[in-house]
Amino acid sequence: MTDPQTSNIWTEERVRSTLPARAQDSHKGTFGTALLVAGGPDMPGAALISGLGALRSGVGKLEIGTYRETIRAIAHAAAEATYVPDALIHIANGSHPLTSYKAIACGPGTVPDALTEAAVGNLVKSSAPLILDAGALSERSYAQRSAPLILTPHAGEFSRISGYAKERIAHSPELCASEFAETHGLTVVLKGPQTTIAFPDGELYRNPTGNAALAKGGTGDMLAGIMLGMLCCHENWRHAVLNAVYLHGACADEFIKTRSPHTMLARDIAGWLPEVWKQFE
Amino acid sequence: MTDPQTSNIWTEERVRSTLPARAQDSHKGTFGTALLVAGGPDMPGAALISGLGALRSGVGKLEIGTYRETIRAIAHAAAEATYVPDALIHIANGSHPLTSYKAIACGPGTVPDALTEAAVGNLVKSSAPLILDAGALSERSYAQRSAPLILTPHAGEFSRISGYAKERIAHSPELCASEFAETHGLTVVLKGPQTTIAFPDGELYRNPTGNAALAKGGTGDMLAGIMLGMLCCHENWRHAVLNAVYLHGACADEFIKTRSPHTMLARDIAGWLPEVWKQFE
Amino acid sequence: MTDPQTSNIWTEERVRSTLPARAQDSHKGTFGTALLVAGGPDMPGAALISGLGALRSGVGKLEIGTYRETIRAIAHAAAEATYVPDALIHIANGSHPLTSYKAIACGPGTVPDALTEAAVGNLVKSSAPLILDAGALSERSYAQRSAPLILTPHAGEFSRISGYAKERIAHSPELCASEFAETHGLTVVLKGPQTTIAFPDGELYRNPTGNAALAKGGTGDMLAGIMLGMLCCHENWRHAVLNAVYLHGACADEFIKTRSPHTMLARDIAGWLPEVWKQFE
Amino acid sequence: MTDPQTSNIWTEERVRSTLPARAQDSHKGTFGTALLVAGGPDMPGAALISGLGALRSGVGKLEIGTYRETIRAIAHAAAEATYVPDALIHIANGSHPLTSYKAIACGPGTVPDALTEAAVGNLVKSSAPLILDAGALSERSYAQRSAPLILTPHAGEFSRISGYAKERIAHSPELCASEFAETHGLTVVLKGPQTTIAFPDGELYRNPTGNAALAKGGTGDMLAGIMLGMLCCHENWRHAVLNAVYLHGACADEFIKTRSPHTMLARDIAGWLPEVWKQFE
């Protein structure tokens, strides 16, 4: 649709016109249940950060699938979620049904091992929009699926899963993202100082928001969570992906108006989201 | 008293005239001890959310009955409460005395199984006002009791416990709630975009507050907690029920003045409650 | 000194003239280490609430002696404290040295059993100002000690430890408190809607601050903690006791300027203390 | 360079001119990964406090090496960090590689025992700037290393590790710090009401910020964390050390503008840092 070379900016106007209303007569079932598979033994925080991102971004209900130990550590802080203990195992062996989810995200804080790989293999077979991030990103082939598949790598992860050299990605992020997206029939959110969003049909956007306050561990986990929530409250999944990237960055932009960019924590993004989102409604 | 067809709105004026003063010479014993039975293995957060709701709503003392593991997870966040470990078991087998409570709530985050059913069986025999929510709601018969029995189902739960078809409930929520309340001699708080409160004698109200920010997991738990607290500080239990529903919604209305409705967490309601409640005093 | 019948009010002016400066050249050792023995298996929150009270009230260092399980639950929320696991046991059997403490408090959330009694027996033998509250209050005889002994009962607890009838205490709180204080050579802080502070030499004050927002579980724990901290930063221990009661109430008074008194949590007091204290400096 | 007798003040102007920008095209890798080894069985909070300090001070990524039990307790509160369980053991026995870190800090809340000593022995051999604080400070010899070694003792700790009498340190802090720094080829941050920073080549500064609100347990842990973070975002490590001390004190100065100095918690410093840091950019 768009020529990768002259990609479009996902502008404030587009955000304003695509953010969903939250219908007055809705109930939590209207927005559905999201499944977030996140957190590993040494990275429990990623499950919390992405969980808060999802909860603050329009889900109806959120289930966080993670380790028992991680549940104990974070349950009070993401109290609105319910929990699926040992989710990776149960998803990998097919004992956790996936049919009821409105959207699924997997990867923040998970270890990229055989268990994760097996779980992703089953998640891909589900019929819900699926976000793969961080530990769930690997070099693999992608079977065609009816629902959107969205990968959210940063440049290093994109190089690893695509085989493209880092230099090539740095030089032509939009071309690389688009090529990979079209070849594999999926969406690539190539994260970085300027995030590129490439859809499988060649549609391509650049995100204008965000700043170096985001250059710190955890901000990618937050983005995955926000995107998961957005998939639940948007009718158009592309708008969900684009608006997630946009508002995630806009929160960081709001932060640095009054605070040093060196000092932001990923969690602050969820703190600012309610007021920032409102500015675009 | 009122014709279900032309039910009354529980208005701001009624709220203003029925909210209790907190008498200057009171002490915590004046308001009594509330028992909250909540939280399950995979839903620990519900115990915290409803606990915070109760603590912020006028209780004298609060005891939270939940699993040992949940106590460990939430005790620091609801530090003003004390805890009853394995409460469901002890209530079910009659080993936990219930005579000293001013009000009791059961259900947020609990699993609707035989244990819960047995516990509810004993709770109903107590002489305190009793709120049954979520996991404590089931299709059962209700022995007459002297103190108020209050059920707080959403439409889906109401259909399950009443046998009424969902369509019928959607079409005539007030008639259904009233009929069920009068038949079983209890109070039905039929929750939804517009919550209906039906008392056993036919008195019926509609709540005018609240918005779609509430359409997210956990907000019902918060309501149960607020209602429990309100029962402790109101002399008139009907006012407690009505004002709980009203202020719960009013907090959400305050939230969306400055924040997107997609972003609210149940816990935020307890955060806003102190200032919102004050506006009606 | 003062006639109990015409007791003095501990006024704002007295607070202003007795609150200590925090000397510019001080270090944490200047204010010493406080020991707080608090929290029981089902009342972990009391250790946190009183711990936060102490930390926000001028201690140099704080050690919280509590159960291992409670440490796990609260350590992140009172991160500035260090911990003494199983303190009651170690104090009771004399294996925890008490010589280095500037002040000690025992009782919030502890169970009034033989173990507590044995621990209190040893605490009383220490040479530090000692606060006994809640579970550490019992009917016992008090050996003379050089450092101040301060009991902080509410009316019910005072009746239990003094044998005075509740009616008598309600009718003549100042006479009762004074009599008990003089007889046993200790200080009584008789808490209630109007708190009476009776020193062993007959000096007696009434506290003018506070309101019914305090009539909720946990506020007494907070007072014990604030008093413990105050003992560390005041030169005159009587001023510490009086200013603790005063500022504790003043925080509640500040709270209800903008919030409903039904909604305050004990923890909020520590949140308001920094700004409220400043108003009197 | 400067005569110890007429040491320089590290002034606001110097701070302004040396604080780094956070380059717009940076990512978390730009700022590198910091390793914080902190927290002990009875001092879990120190790991959290210093961890928050580091996260708010410009790191790219933070790994906190601490006990498994401490991880469980703090992971939700420092969710942006990842964790190295039993780090002291793994560092002491050489099984945890140290080559990838941009900066390392060790000591807050750790016990000064043989295990810590062994771990420090290996940390010193790494090629990253290294901060030793609290439990990692001992009387030992220092092998020459290429990267900066920074000790952050208060006067008592400095006396213990240097053998200088406390009186001598109190009388001539700058001479003592400088002499020790030059003799051992390392940097001494001699903390106190007026902190002295002595570099190994004789360069010496006095810090003008800070007040007695800092005279409370935990503030030193916070400084170690802030300094660790600053080492990651500054090009010039001396500026990192100096600006950490300066901003740490400036946060306390901001606090007491509106709050009593008796009431500050170490954690508040991290809360104020974002806005205070901004004031100097």
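By letter and in written order, the chains are A, B, C and D; residue numbering begins at 1 in each of them.
Everything below uses one rule, namely that contacts are C-beta pairs under 8 Å (C-beta built on N, C-alpha and C of every residue); 3 or more make two chains touch, one makes a residue touch a chain.
Please read all numbers here as calculations on a predicted model, not as lab measurements.
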If every step must land on a chain the current one touches, say how few steps get you from subunit B to subunit D. 2
Whole-Å distance, subunit A centre to subunit C centre, using C-alpha means? 49
Separation of mean Cα positions, subunit D and subunit C [Å, integer]: 35
Residues of subunit A that touch two or more other chains: which are they? 72, 76
Chain-chain contacts as defined at top: A-B, A-D, B-C, C-D
Touching residues of subunit D toward subunit C in the complex: what are they? 41-46, 48-49, 69-70, 72-74, 76-77, 154-156, 192-193, 211-213, 215-219, 255-256, 258-267
Listed in rising order, subunit D residues that touch subunit A in their complex are 20, 22-31, 55-62, 71-72, 75-76, 78-85, 229, 233, 273-275, 277-278, 281
